[in-house]
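Okay, got some structures for you below.
Each of the next two complexes has subunit A plus one other chain: subunit B in the first, subunit C in the second.
Let's turn to the complex of A and B:
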């Protein structure tokens, strides 16, 4: 009955209740949509980096990432690849030969990373082949074909079908070079990656640098990103002499983007909820001041202060939750719609790609965010009603009854 | 045997520069089953006396013993609980809970007392029949006339099975027909159920029916008249 009375009291002054419910609804709706957009940027950026470049897990020789030396090859690479494939949760593995070098055209030259890949295996781990804007990804079965970023092509002043010369060190430290014809151009969300990365056939590169069957990198795709750490642990267990790292260790700046976004949005939503708390206090205080005589009567007929206190908290809770549920439903609907259509920011593409941001953002909001907002609103509802409830139970019943 | 005993009760309000003596040395015993009217002009201390008897206000001096309990020994919370268990209130402005129906207003007291649902339903039905409002049980407060609201207030006051009912100007807002019906009901409850009623009033319709009239003048008892029972 107490809940029933509380709800009827909420409906008693419909205009006042509707105003604070609308404030809560629009406040949370705005906060959730803004959060969804921010999360979308963050998730799209990280996902894009993982899918097109990093993969979930990379396996190297222990010293490789410090030196990036051509001689830091992964011992027993084939066995390591076979082991990784047997670990539960691993979806696919691709092997890479990675060397640093220079790319030169008739106009200019620039420093690059040369990835020697098996095109077919690479497509099972990364989605770079889906980012092709011209040509094909499979090198046409030819050794001297190369896939480059369109930004690199632009910098070098070349296009699809043009020749460029790659120079690098071989395993003995001798400078070697070869001429390649561009068979594909890709364009990812990262301008930096596109300007500094080329892909060639791994066999051809191995012959050029004298690497034989040696490899520098195994890139692993896991079936479920939530099991990333357990899969990495499984791989590590069988490869004690190798460095097995997740994308969070390889690119901590990306992990930071996610963590920062979460913290930032929690603060942002916290400020919104705090502002709503004052609105709730104001509404509940007005409600209490309007009903001073009633509280005097309730005390007179035997309703103890703690029951009155709880009743006012319940009123605040119901009022706030009604607004919160509406706001969250509106927020969820808006985020879902924007997620399906995407937010096209290609007008700012140059600046965004400089930082690795996707041109089309797909807002997303994890389920725990809704739970957190709901809990925060419940706390705000209770805190907001504390002072009005305290005021109600401190009333002198004899004087309160005489109030009109 | 007295259910209400006041001994040398004073109430002084000192909110303003000049202290106001609302009650001066009031000594009064009211026995169970009495139908008593406290009368006097405005400002004579009727409402203050009722508030003090009801534990809503505290005397500056003197003792109040209600149903063998010295009110001074009770904390604020205990006084609320005492009112719930032992005192029924009827107010001039009815003061029903506006969001509840007639039967819910009566049941509310029983709910506060923690009575089981079955007993609550039985008591509510009985009391609404006693005040002639069984057919209005599901009506909301604003669907009832003033007289009907005051009858619901009487049923509410009786719901807890109180030692006595305090009624502050119960007929002041009622037309003569409604007032007469209300007084009929309270008289009948007094006779049939031996419910003790104490009214503060300056309504001659109430005074005429009272079997004891306590007259207050300037906060002191000026006259205390017991009339012979009509029967």
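Let's turn to the complex of A and C:
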């Protein structure tokens, strides 16, 4: 019954209620859509980095990360690979030979990382083959084929089919070089990666640097990203002599993007709710002051102060929640729509790529965000109504009845 | 004056409502001032750092160098050319560099490295390179020794006093090879830089690459960033079209765009906030109007002009909003001044990220007057939009029915 009275009271002054409801609707809609865009942006950035470059887990020799020397090979790499594949939750593993070197064209030269990969296995772990803008990812068993980033090609002034010379150091420390023909050009979200990474057939590279069957890196794809940590622990348990790192450890700055976005958006939504609190307080205060006489009568005929207090809180709650639910529904709809079409940020693309950010964002909002916003609005509705409600029950019935 | 007086009294007829409305504007203004000042301050700081640590405000290259980065695209660093540039107003310093990629090797390993031939004194004045030397000593002009990044030295197993071998491509494909004793280790928080940077004195690098007297770039420093456009045009006119003269914005569009995206995000956030506050003000003005329908009816009936009432209602709405702006500014301004002179020093992960980029982890605030002006404008727009309600009501108001209300 209380609920019904409260709802009728909300409807008594429709203009006033409509204004505050519109404020809540707009505020939550805007806040949620902006959050969805930000979230989508950071998720897309992280997932594209994982899919195209990082993979979920990488296994190296413990000394590899600091030195990145050709001699820091992973001991028992084949056994380690077999072990990783047996760990439940692992989807695929690819083995790489990684050496640092220099790529030179007739015009200029620049520093690069050379990944010796097995093309077939590589495609099961990373999606670099889907990011090709020209040519193919298949080396066709040819030793002198190379896939490079389009940015590197631009820098070197070469095209698909051009020859470039790679210079590096072999296992004995001797400078060695070989000429390669570009068979594919890729373009990922990271300009740095595209300027500094080349892929060649592992067998050929192993022969060039005298690495034999040695490997530097195992990249692991897990089936379910949520089980990342437990899979990593599983792999670690069987490989005491190796360094097993998840993408969060390899690229802490990416993990930081997600964490930062979350905190930033929570503060942002908090500010919006705080701004709405002012509106709610003002609306409820007006509503109470309009009805001083009514409260006087109610209390004169014996209605308890506590019930009046609860009634006003209920009114505030109903008013705010009605606005909140509509605003959240609109926000959800907009985010879902934008998610299906994607937001193209290519106007800023170069800048975004330089920082390794994704170019197309698919807005998304995790469910807990809606729950948090709804809870925050409920708290704001109750807090905002406290002062007006307290005001209503402090009235002296005899004087209140005489008002107006 | 009468309007102001009447409006002042009218808004205080309901004190609490007015106070809450003012408080909401105040809240928005304080918040907007703090965040905008922080954003603009950090952009400024970022630009100053990026300019100082990399390209300078502008650079002079041989035509096509920036795209190709080929060592062959070089030019003679002549006194006459320098005079032409330093003759342009606002130009303070010229920093010559000869940079190319080559292999750096020790007895135990080889790595790709960025070889920088620098004028030690000019470089030090521009970006304080000497402070980054953690072991040994900084270069002097003409030294035939090398400064090496910490991570590069560690990878190559080199220490102070050991010899660094540089092997690469010199001018027009000549083989360049040289051996340089290491006299200093440079620390960069950014791993990429720390593991690739080698500094030689300019003359040593010119000799190594067989390019006597030549450089790839001349960076130009200015007395103040606001003179950049003027100086850029001046330098272009002075050196003629044999050189490409690029502003830092052209060389690093990613910095400009990164700032634009972040800035747009900040503006959207504040816009949402102001719309919410706007609804609140609109509500208050609407209530003030509805409550006084009877009063307005009487006034019109006794011959008061509707337009004068509209002016009064507008004054009320403006007054309400401006009180919020003024009190908000009064609260935020001292805080901003304090933060402007004592920027916050960041710690934790955020500080780590800034160090990676080579910045001191500071969070500086801006005192740009446009921040204050734009908040005032935003609130004035809210006030004017809100005032449309009483103006509309007054235009349609029928005194007879209004008086019966």
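One rule holds in what follows: the second predicted complex is superposed on the first by the 404 of 404 C-alpha atoms of A that agree within 3 Å, B and C clash if a C-alpha of one lies under 4 Å from a C-alpha of the other, contacts with A are read in each partner's own complex, and residues count from 1 in each chain.
The rule is short, and it goes like this: contacts are C-beta pairs under 8 Å (C-beta built on N, C-alpha and C of every residue); 3 or more make two chains touch, one makes a residue touch a chain.
As the structure is a prediction and not an experimental result, all values here were calculated from the model.
> For the combined arrangement obtained by superposing on subunit A, do subunit B and subunit C clash, or do they fit?
fit
> Look at A:15 in the shared chain and tell me whether it touches subunit B only, subunit C only, both, or neither; answer first, second, both or neither.
It touches subunit C, and subunit B stays clear.
> More subunit A residues touched by subunit B or by subunit C?
Touching more of subunit A: C.
> Quick one: is A:397 in contact with subunit B, with subunit C, with both, or with neither? Answer first, second, both or neither.
first
> A:305 contacts which: subunit B (first), subunit C (second), both, neither?
A:305: touches subunit B, not subunit C.
> Applying the document's definition of touch, where does A:297 land relative to subunit B and subunit C: first, second, both, or neither?
First partner only.
> For A:261 in the superposed arrangement: first (subunit B), second (subunit C), both or neither?
neither
> Quick one: smallest Cα-Cα gap between subunit B and subunit C in the superposed arrangement, Å?
17
> Which residues of subunit A touch subunit C in the complex?
Contact set of subunit A toward subunit C: 15-16, 19-20, 22-23, 26-27, 30-31, 34, 38, 66-70, 100-102, 104, 107-112, 154-155, 157, 167-169, 173, 175, 191-192, 252-253, 256, 260, 268, 271-272, 274-276, 278-279, 281-283, 285-286, 289, 345, 348, 350-355.
> Which positions of subunit B touch subunit A when the two form their complex?
47, 51, 54, 56-57, 76-77, 80-81, 83-85, 89, 91, 93, 95, 97-100, 104, 107-109, 111-113, 156, 160
> Please name which positions on subunit C make contact with subunit A in the complex.
Touching subunit A: residues 14, 16-17, 20-21, 23-24, 27-28, 31, 67-72, 100-103, 105, 107-114, 154-155, 167-169, 192, 195-196, 253-258, 260-261, 265, 268-269, 272-273, 275-277, 279-280, 282-284, 286-287, 290, 349-350, 353, 356 of subunit C.
> Using the touch rule from the top, collect the residues of subunit A that touch subunit B in their complex.
Interface residues on subunit A, with respect to subunit B: 1, 5, 8-9, 11-12, 293-294, 297-305, 307, 397-398, 401-402, 404.
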